[in-house]
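Input: one structure, supplied below.
Just so it is clear, A, B, C, D and E label the chains in written order, and each chain counts residues from 1 on its own.
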């Protein structure tokens, strides 16, 4: 299949620090591409540029052959790009269910007048979104928390809520920033499965994660960043053997312990 | 040219009062993100208590000191009795509490002091100083000097002292502040005490120029607030520059354009500045990552 | 009981006027009751503080009429509040004596509405006459931006031509402003021979101090809006020296010749007010005094508490001597004062003196 | 069947409006009632702006001023009937809100507060200074809208205060209905979402600037209509309607009652409108008590009166 | 050293800790594992004093501190690296660290700060920049370093490895083990249960607000239920 998202020589700096420099890669539908690298390597910054939160200073971003460099996030969302956040961005003032429904914004929005007057069209759209959201909450294991205030959830559950919200958009490209942080091994596996399922539906997934077991297990392709630059890329097996990657990121005793059989 | 100079003097006089009020907002804001709507009442109390203690026979400096100490005590009481019990309330609720406090203090002053307008003599007489064909009253110099002194003190407090940092830490992240051992209640008490003292000082210095009455607080707070926002909330430099600038803009507009629309001009400038610099002139840009 | 209502601006921007008015009403009603009331009935004063807000004033007017069922109302400290209340009383046919300045209140005449203070128009005429007599024809105006200041400013501009003076500068300041030197500098720059400040409250005190600070030669006139001793204190005797203003005889009670018809009235009120409140009298309190006195006389003459009968008797007031002057109402004059009710005063050695 | 929050709110309001008059000792209370409704309407607009969208405004009285002066000036200067003038006023307010909202709403928090405050002050200054047109600080008369006569023709003979009670009550109900519709609608959700996190709202596709603007415009129209109603009822208007104290008062009402809930905010409007009338009995202690009550409510009911009360009731279940 | 008995805590009306019993001996490393929402964070907050306790007691070095406010517990040597990092975003990295030692005077602080920089060199590089600009993992390092600046004798760590690169996760665990030598008591909440149990002396398992199992770390690692539910093996 053809390229869905491509990033070409993208870069940005903050007060002299080149947070990301000259990074390129591309992503096809159904593919899971992981970006790994030490803390501060520029992974989140890269996500922020792709998703329009930051304006890149150099390079291009193309989404389905359209140049979308620096485009507003809401316009990107309309073009099928969705993401989660490393620093959680939950609608704390809303219920868990409403958070998930908000993910359906693009499909449920309509005319202001219809909403003000509670016209059947508006009601119908809201109802559809609600049903979809309930299904998604079920999928991430939050069905019982639907009516609680989002502010009352524990950290790990908030993380899942973000994933549900991002999935609600039925994205073509999904950016996940450390989705498994704060989850134990078993919970991580659930998230694994979900990501693989979503990818199987044809969604292109860009993943940042420090849980190497997960990354090795599900990635089709891995890009390694260090100090804002791409230092290696390839399939999981190649990358995990790359000495530079081991030195900068994995550490020498990252080899799976005998007790932990690698799943990949 | 003497006109220009006269307008400038006028602007500095008025602006220094605004700056003093704006400086008063800084500490409480820095400790809690709350804009204290009762700040104007602190200014009023500073002036009024001085008026009455002076009339009761205390020498002026002593009367002023009493006013500052008493007002500071009222600030502490406000924190202890109204802000601290509301611990954990959202910032808007705290702001409404300060609005309530402002109404309360105004009402109490009305009952206690009456509704008359008052003034006490200028510290160094009323003989104007002539400079380049324009005149300025010695009291204006007192106000300007007071503004500068408070600015320097606050600047040092926030940049050089650990207590100052503790104040900033408290508003930035209250939970974390507790976790490093900061007694956040004490920080709040300190902030209210200091803010009230600065407010009272403003009242003491400005009253010979502006006069005082039980209900001057609202107008004073409004201008001080606008000045603080123009300069950038929370930054002492912003408060000082914002206040002086606001005063000068008003005076220049009154002098050269239209005295009718001088307040309007001030707000138009504030709007323009904010469109270009959404955090005011010196406001800190928030760094919040996603 | 006889229920008399009042809605005054005891607080708010016009408290400078409303406060002495309210104090006067309380004091006078107590006095009336101590003397046995009106027609043997006690007077009950129901007074509200509208804080100068027209909407509140209207609400209190409604409350006075519909809930408290008063038979007459005094008040409306400001023109704005008065104008907001008038329809209520006209509708309910309750006599209403306003304490506010503007001509509009009684021009055109409304059957149930009266007022006691001089109009600002009269003040302008009085001042301009005095200025002309002293040879000043180029006038600089500086006015407060509140209702009082603006209304008087408009009236003065209106009568200037007829009075033979020219307004060469026209500046404005906010009621809480702390420095008016830019405005005064501009007035001086435009060659004004005399300066008129229309305003009330603390603004005029600042103007007076700034006038002195800038050492402006053109003499300063204040309006009747500062007519209280407090003004001199605020401005400082030194700065206020030589300031002139038109005001009622009340301010100079002790300087009036013994044969002056107003002398007994003003001295009695002035003394009573001072001893009751510990404050100096102002002409505003005087307006309230006059309103209540006119009302009391009217109720006595009407001999009933029928509002319409009382209204008729108010309108029939003749040569009533009050603190503001001699009042004679008629069906087409609900002001009842003439120009000579005003005296031109000048501040000398920290006190009011009669300038004429 | 369990009542939805919306129906419950509307029913409660309806009951309040229709049943209260039974307890009115005199027709004056109709006047107070109508003032509560007018403030309630404006505050309902504030709920949409503050409670839903999380944007502050300290200048909405400016829009009330426009609504009020439209009713006063248009009939006199241009011969437009008062009712149409009110509608035109609302349109003008909406358009003006749309124009100023675009640049202003980029600001956040206190900065937005001071910018809106500035807008309100500008409106106030124009109303005060352009005396030739507006009558200046002493205000101007508003021609009779003739609505009461209309009611008379329809067979309803009502005292002025009674008429306005019912008329404003109707508006409040309609306003509350619209605001409640909005809450759980896609638009309402988008507003609440951007309140929670602008970044996240954007990434789910919310055009943040546009939705903020919508909330601003809607609330401006509410304020404008409230201003018009007050002006038509009072038949007199002064620039005070546009004063910033009124803007702050509305925000206070909303927060005191509970800015996230329509009924709460209306409750807040009711209390702060009623209190000054009740407190007149305490004469000069009025302000002390008013301030004290405000502080106590916020200390003990920090999320606002209604939400806190509801929690208390539910807690006991 | 730290003894928690029958501890209950609630958010509003909902109780989330239903009588926790847990103790940590002096110099011991104890880890708590549990699923999302089990109440681990709440437990730590109760110990640090940032969450009110509705019943039960927290006893530290023989003194009941259940009612002692958070800021005074720091004085007694309890510091916390909280969930969600909770750094002072508007202050510089160095100021964050300095405030970590809020109760101490300068001489001592300088040395500790150098130690912190030694441990996390990136913090030295960024010391004059606002902490809010740090990457997620860098903020996590700062949070841990700040907790250490308080010279704890009892350190509470809430998921310290979260968001850290593998190479650093190992380092953190090494640091924690190293604290043993300094006789610092550590209560460690971790999702990386395997790594945590490996360095811990003992462990507790929490499920929906209750302790369901506890024992020596080796025993827990070997327990098939634990292996299945938390270690994913």
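Here are a few things to note about the model shown:
Quick note on the criterion: contacts are C-beta pairs under 8 Å (C-beta built on N, C-alpha and C of every residue); 3 or more make two chains touch, one makes a residue touch a chain.
These numbers come from a predicted model, not from an experiment.
Considering every other chain in turn, the ones in contact with both chain C and chain D prove to be B.
Centroid distances built from C-alpha atoms place A farthest away from chain B. Of all chains, the one whose CA centroid is most distant from that of chain E is C. Across the two interfaces under comparison, A-B and A-D, the one joined by more C-beta contacts turns out to be A-D. With each centre defined as the average position of its C-alpha atoms, the distance from chain B to chain E rounds to 42 Å.
Chain A and chain C have centres, each the mean of its CA atoms, that are 73 Å apart.
Each chain gets one centre point, the mean of its Cα atoms, and the points for chain B and chain D are 31 Å apart. In chain A, the residues that touch at least two other chains are 44, 53, 85-87, 89. Multi-chain contact residues of chain B (touching two or more other chains): 110, 260, 263, 288-290. Those residues of chain C in touch with two or more other chains are numbered 11, 145, 172.
On the chain E side of its complex with chain B, the touching residues are 48-50, 69-72, 74-75, 79-80, 82, 86-91, 95, 98-103, 130-136, 139, 146-147, 150. Those residues of chain B lying in contact with chain D across their complex are 35, 82, 85-86, 88-90, 92-97, 99-108, 110-111, 218, 222, 225-226, 229-230, 233, 260-261, 263-264, 267-268, 270-271, 274-275, 278-280, 283, 290.
Residue ranges on chain D touching chain C, taken from their complex, read 25-29, 31-32, 35, 128-129, 131, 136-139, 141, 160-161, 230, 234-238, 240-241, 276-277, 280, 286-287. By the touch criterion given at the top, residues 10-12, 15-16, 19, 145, 171-174, 176-179, 181-183, 185-186, 189, 201-202, 205-206, 209, 212-215, 230, 233-234, 236, 238-239, 279 of chain C touch chain B in their complex.
If you check the complex, the residues on chain A that touch chain D are 51-53, 72-74, 76-78, 82-83, 85, 89-94, 98, 101-103, 105-106, 108-110, 112, 114-118, 122, 125-126, 129, 150, 165-166, 168-169.
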